[in-house]
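In the two assemblies presented below, chain A is common to both, partnered first by chain B and then by chain C.
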Partner chain A sequence: MIQHDSSPSRKDIRKKKQANRVASQASTRIGTMLIKIVLLGLVDALSAYSAFMLAEQGNWIILSIVVATTIVVNWIYFRRDGLVAKYLTPGLIFLLIFQLFAICYSTYIAFTDYGTGHNSTKEQAISSLIQSSQRRVQGSASYKISIVECGKTLNFLVTMPHGEAQIGSEKTPLHEVASATKDDAGQAVSTPGCSTLSFNDLLSRQDEVTSMRVPMSADSQDGTLKTADGQTALVYKSLLKYDAAKDIMINTQTRVRYYDTGVGAFTSKGGSRLSPGWQINVGISNFRQVFTSQEMRGPFLQVLVWTIEFSVISVASTFVLGLLLALVFNNSRMKGRAVYRSILILPYAFPAFLSALVWQGLLNEKFGYINQVLLHGVDIPWLESPALAKIAVLIVNLWLGFPYMFLVSMGALQSIPKDLSEAAELDGANAWQIFRLIKFPLLLVSIAPLLISSFAMNFNNFNLIYMLTNGGPINANTNMNVGSTDILISMVYKIAFVGADRNYGLASAFSIIIFIVVAVVSAIGFRASRSLEELN
Partner chain B sequence: MAVFSKRSIVAAAAMTSAMLVALTGCGSTGASNTNASVSAGSSTITVWADADHTATLKSVAAEFTKKTGVKVKLVQKDMGSIEQDMITQIPAGKGPDVAIGPNDWTGLLATDGVIQPIELGNMKSAYQKVAIDAFNYNGNIYGLPYSVENVALIRNTQLAPNAPSSWDDMATTATAAKTKYPYLLQVGSQGDSYTMYPVQTSFGSFVFGQNSDGSYNAKKLTVGDANGLAFAKWVQTQAKAGNLSTSMTADIALSKFEQGQSPYIITGPWNISAIQKAGIKIAVDPIPSAGGQAAKPFVGVNGFFLSAKSKNKLAATNFLTTYIGSEKVQQALFKSGGVPSALTKAYNAEAQSDSVIQGFKKAGENGVPMPNITQMSSVWQYLNAAEVSIINNQGDSSTLWNNMADSIKSSIAKQS
Partner chain C sequence: MRNTIVERSAQRITESGSNSAESKTQKSSPRFFQFARWFRRTGWRHCVAVVACCFAGFPILYILSASLNQQGTLMSANNLFSHVAIDNYIQLFHLPEQPYGDWYINTIVIGLSTAISSVVVGALAAYAFSRLRFAGRRVGLLALILLQMFPQILSIVAIYLLLTNIGYIVPALGIDSQLALICVYLGGALGTNTYLMYGFFNTVPKEIDEAAKIDGAGHARIFFTIILPLVTPILAVIALLSFIGTVSEYAVASTVLVAPQKQTLAVGLYAFVSQQFSQNWGLFSAGAVLAAVPVVIFFLFLQRYIVSGLTAGSVK
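Presenting the complex of A and B:
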């Protein structure tokens, strides 16, 4: 390492000098060049580091993507021309990582059965099945063992209940050992020709030791010895046996055979499945389930309709209130505007999930502030009745969302030239006409895109629903875990992460549907707002 | 121009390769370092634990490292995220070697193949039977238990000097003490059939039938029987009388009890220190029967799981069985979490000097282990929803209860 460091450092200096010479020959702006080299060097160092990490994990696909991207980036920034590419590249790369990757991965998952019981590869499922099918032979003794290495094979040196020592390995069943040294407690600890592994040796060979199965005798019905701590071994019999050649799992007691029938789990002729299974490609079955399954279609449509209602009403109500307040505050005759304005922005300054929790307390039927104090002790089931819960969600979202609309409307109003409304006033227009015909259209040009993004945000407003009602009140009559205030994204969350029947594949299919709905609505919205722009 | 750009590429390439060389150097020394340390006997096990237990585990880990040379990487995680993170990370070869969690995760984690059985051998008998049963899934023990908890009736001894002889006796005492509520039983907007389960069982209503070895039989769903309907009717009557309400969240119930608004609350050992801090003198009693039979609370057990993909199984098993399973550590975990130990010896020592623990022990004596089968999650979902709608008087109690039983049945049929 030391040698390594010193010799290239001289080489490095030479290289640097060379680089400097090249740079100064071609351009006078060495500083810019240096900054560029340093920045690119950092990028290259980072990708080289990740390349090594990926190579170590054997993740060749991502490795090649990283290397290719790095080469392209270097090529783009060392080129003289291609200014546009230089501006766009960082943004494009982040777009690739944060948007396209997530979308592609969700799409991929949507076509699999990834979920409870199907969450890894077949190989891992087999090893898990074998691992959990080991049954301790009832009434069998626990054996003190030492692990000894004879030649190249590991052996269990077992002290039998009567004190004699036996030895065995994975290949050779337990048999008497010619001579063994015993410790004070009478446990056989070593035998000639073999070296005993210390605890530290065991730790460095844990996998090897814990996966050892030493047959008790030549008869496999007697079971095998297995150790979990390297000091005691117990007798086990395996309930399942995997036949790799025929790709079948066999129950050693009932002789039932389980086949890989293409459903992602070993399945018997009678249809019973072993779990865990593994992840398989299921084609469009998740999407088909969303639209055709009787029990899913109903709740899905109900949730879809409410999600659209929720986002449209939220955008409309927050915009109207925000704009109204902005108009009032835009009037220069009003006193103390700065104070009011900062108070109005407060809801925007609190984290939304915290506000939602506070509102949950305020809306409590028997003990909440709203029913108890503001409404003098009435029992309004704000969060218990399906219809009221929807209204409560909309009210809370109005409270959370209007400051944003207030801020953007305020900015937009101030950017409208004063002389326009003054001119209109001279022409005899009244205040309402000025607002409707001049201010509002001009306002919409700059605000329409924000309304669209606000729609998209509310469409996926998970925080509010999860914290305020958790989708409730639950409809006791459906078979799905869906409540009357659940929006699509909170329903997706429940499908993927709640209960014991988690289905990431189905949840991803739902996410894709959400993506399509939001994308279509946004596209239409942006087109409409562009035509607005052309009007003006 | 072209000449420059070519040369600059050469220069950059030279620099990049120099950096690569340097990194390779670092990388390889790093690797050889770990190799060296492994052969010197210091591999690392990763342990996931929640905030309540990391402090205690830190000192356990330090002792373990000192004795065995195995390093312990303690990762503090939110209890709510441990289960899901195990399911997603362990198959990818990441995640912990050992993770803390309640026994009701066992079924799901085993179904996903992310945990492996822990062989306790003859040490099994050192633990309370219910603690071992709770981690028994398909005949394997999947967790090393450290604490056992159940709900009981907590009594404010100033308002009610004697334990109630029956459920209705609580109302009599409360009237005499002039408190607002005869008893406090949390429900919340999402329902809480866990806390209400002892009342349900006192009507003879159980969720599943049990096999002869004490494990639950998902095929024997008994929740919809006549006893269940009797319980449903009782719930509706109590709700109409104002004793049960979905507004009564866990926090509100606790604060009402602390304010002395009721002589009784049904809750678990996790709330005891808060109640005592509020200056309330308490006694812990078994829950009186509302339906004529013994009230059997769920006994939940907390423990540590072993990852199916652990590369340090030997060290991890050693850490669990000899350290977490020791009397000293179990008692230390009790002190930090407030929930009594699973190891019988430690438990007896804790109960000896503590009447509260004795009270919980008595209340849990005829308790039933918290089911760990995956089907239980459908039960929670529908049972909670049904109790909420009965309490909110959204229909006839029998109809709602029967709907719930049907929903559970069809949801379980779908799963298997």
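Presenting the complex of A and C:
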């Protein structure tokens, strides 16, 4: 009996656990339970939908990932323990997909030639080459056709030379049709289950009909039928022929052979390439190009130097102005501080992309307020000359950034205990000495990390550059689309998304270089600021 | 010697005394000296402040004036407040090719959804890091700080290609979907906000939730009904900062949103004004003023919270 009391039996423990569970279940309200079930239901519905789509496409790897994730999420929220996971999962899912995976993915892209002309697999490139090189076969017969709509797809109802009728659409090649009604001239005009398009229908759906290509047979080398008027169709055959056994592309007209030489496109002996090609891994070639190729190294180094200059000067100038203003305002006897502060932080509150555009108007050479009114009608090329454009960018960034520095310096100054400066005053220190020897070092301890993150932020200050100068004025010395105020990130954007020739691989390589530079500078900065903290 | 000290301390007392006492003692001194003294003490501060306010406020005053000038070119905007008419604002909503009204609604919807979801997601994570002890907690926090240095704009190419591929599976989450854009922004939410919130959550004493636990409250109830109301200031700051950030974001939005009626103000207005810069100036100004108004009002309304939030966020 005594033994039983001192060490409770398993039965008792189980009972206690059960009681706890009942109690905790009673304490959770039905409302919260309902919200939980609804939210989880939404998640499950979405993943069930994507699972079906994936299954249809036969994408089994991603399908299994989606299913596994869904099961894990449900498990996390339906079990009783594992509190941490319950709180972290919502944010982590988005973080994993759109941040971590995106980082890994861009690293992968940096080692490929992904971009215009290289954005698919080899099979897709081959079929698109054959599709796009189709020409009318000289001297081939023309076919009498009728356009019929079966369900929702348009079909060609073709009367073959021997009189039999065949039917086919873009997806299904021509095949015999069981029964077709023919008109007096022997042309098949309708078939059961399909409605024939009238002349008026043809007119209204002209674009749809003329863009159709109906394959002659399952073999793509047999060519396709194409019509210009909806009544007769001509045979089109591909100029290019793919020889799967030898892995070569042959131009049937010129007899030129194109080989897969490992550069991601079919290349002839003479060096000409067929576009589109496909995506291949190119190793470190993107990085090598940045550092060694003549035409890229110059612009890259110039942009890198300017990016560093821009971020360092921006941080320094905004910090100095913000701190000065904070010192001026750090006086309890001054009246109207709240009003002044509200006006001073306006640049911080005004959406940044708008500010840059407004400044672009103010600084306009011919009509801008600064040249026309403030400087009485001079023509200073603020945004057109390389040197002045850099100065303009820095001034605008000072305008954009000083309110933030003002606010944080103000907060930091107010958090410095008053008795320190009072004690120094008693010891006979003057105002400058108090600032230089007491307030500034203390201030720096709390603000240094913010300066570092401000540096990292300015390093990627895409909006300002893109909206104010668009990177310009264009540097005439290079073939690249790079201007004198372009920073690295705006260059990345231009390489990847501006112009006809997009190079995702190179852009990603640049992103990685940016990341390394920012990481190194921040690491040095944080180490320095930590030693600063130890000093005090 | 002793006299001077007494004098000084007397002076100090009068200075720190109430205004009425100050004015009484100073009544006898001539007006000029009174001014000089005032100037030396606080007057020059006002001068500096006025100059700084001109620098800060002028561009905003200018754009306001330009928006009210119905002549509408960059040149005519130089005569500040020579015309005051709301023609530009009316015309803005009747442009044939630019659906300004749609852009406005899109921006508000995307901005608010991103702001609210970021706050929810960030608060959940910050609570876990602040209140729960688990393996990998410190590493997790460090990883978040590290991630902060890799802003999403750097992986913009990958995001574009990722969304293109997602679009083949779930078209509603592909390129040109606003929902997809919100999801992308949410991906960056944890990295930017958690650390700021974590610091603020730590300032709420643990005894409060321990007491609640003893009274039988579950973790969900502690979080939603006890902790969240106590950290409202930081929630407001995060919501506001993420709203402003979303409204201003151009690069990702411009790659994801393609159709004009789906775009945000940043994408649409930039395309609009860069077409014919000086001719469209009046319309652009009106659009800019309307776009900035809600943001600036929120900002000024919450500025006290923002100041405390920014300084609390400094990594120590």
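Assume the second predicted complex is superposed on the first by the 344 of 536 C-alpha atoms of A that agree within 3 Å, B and C clash if a C-alpha of one lies under 4 Å from a C-alpha of the other, contacts with A are read in each partner's own complex, and residues count from 1 in each chain.
Throughout what follows, a residue touches a chain if its C-beta (ideal position, glycine included) is under 8 Å from a C-beta of that chain, and two chains touch if they have at least 3 such contacts.
A quick note: this is a predicted structure, and the numbers were derived from the prediction, not measured.
Visitor: Quick one: is A:L325 in contact with chain B, with chain C, with both, or with neither? Answer first, second, both or neither.
Guide: second
Visitor: Applying the document's definition of touch, where does A:Y49 land relative to chain B and chain C: first, second, both, or neither?
Guide: both
Visitor: Touching A:E384, do we find chain B (first), chain C (second), both, or neither?
Guide: first
Visitor: Examine A:N364 and indicate which partner it touches, taking first as chain B and second as chain C; both and neither are also allowed.
Guide: Both: A:N364 reaches chain B and chain C.
Visitor: Look at A:N74 in the shared chain and tell me whether it touches chain B only, chain C only, both, or neither; answer first, second, both or neither.
Guide: first
Visitor: Considering only the touch criterion stated at the top, classify A:W399 as touching first (chain B), second (chain C), both, or neither.
Guide: Touch status of A:W399: second partner only.
Visitor: For A:F497, decide between first (touching chain B), second (touching chain C), both and neither.
Guide: both
Visitor: Which partner does A:T469 contact after superposing on A: first (chain B), second (chain C), both, neither?
Guide: A:T469 sits against chain B, while chain C stays out of touch.
Visitor: Name the residues of chain A shared by its contacts with chain B and its contacts with chain C.
Guide: 23, 27, 49, 360, 364, 366-368, 470, 497
Visitor: Over in the complex, which chain C residues touch chain A? Could you list them?
Guide: It is residues 41-42, 45-46, 48-49, 52-53, 55-57, 59-60, 62-63, 66, 73-75, 77-78, 120-122, 124-125, 127-128, 132, 134, 147-162, 168-170, 183-184, 186-191, 194, 216-221, 223, 244, 247-248, 250-251, 254-255, 266, 269-270, 273-274, 277-278, 281, 284-285, 288, 291-292, 295-296, 299-300, 303, 306-308, 310-311, 314-316 of chain C that touch chain A.
Visitor: Across the complex, what residues on chain A touch chain B?
Guide: The contact residues of chain A facing chain B are 1, 4-5, 8, 11-12, 15-16, 18-19, 22-23, 25-27, 37, 40-41, 44-45, 48-49, 52, 74, 78-80, 116-117, 119-121, 124-125, 127-129, 131-132, 134-136, 142, 198-204, 206-207, 209-210, 226, 228-230, 232, 234, 275-276, 360, 364-368, 381, 383-384, 469-470, 472-474, 476-477, 479, 481, 497-502.
Visitor: Residues of chain A touching chain C in their complex?
Guide: Those in contact with chain C are residues 23-24, 27-28, 32, 46, 49-50, 53-54, 57, 59, 62, 83-84, 87-88, 90-92, 94-95, 97-103, 105-106, 109, 114, 325, 328-329, 331, 333-336, 340-355, 357-362, 364, 366-369, 372-373, 399, 402-404, 407-408, 410-412, 415, 446-447, 449-450, 453, 456, 460, 462-463, 466-467, 470, 489, 492-493, 496-497, 504, 507-508, 511, 514-515, 518-519, 522.
Visitor: How about chain B: which of its residues touch chain A in the complex?
Guide: Contact set of chain B toward chain A: 1, 4-5, 7-9, 11-12, 14-16, 18-25, 27, 29, 38-43, 68-70, 84, 87-88, 91, 107-108, 110-114, 116-119, 121-122, 138-140, 189-190, 245-249, 252, 308-309, 311-315, 317-318, 321, 374-378, 381-382, 384-386, 388-389, 392, 394-395, 400, 403-404, 407, 410-411, 414-415.
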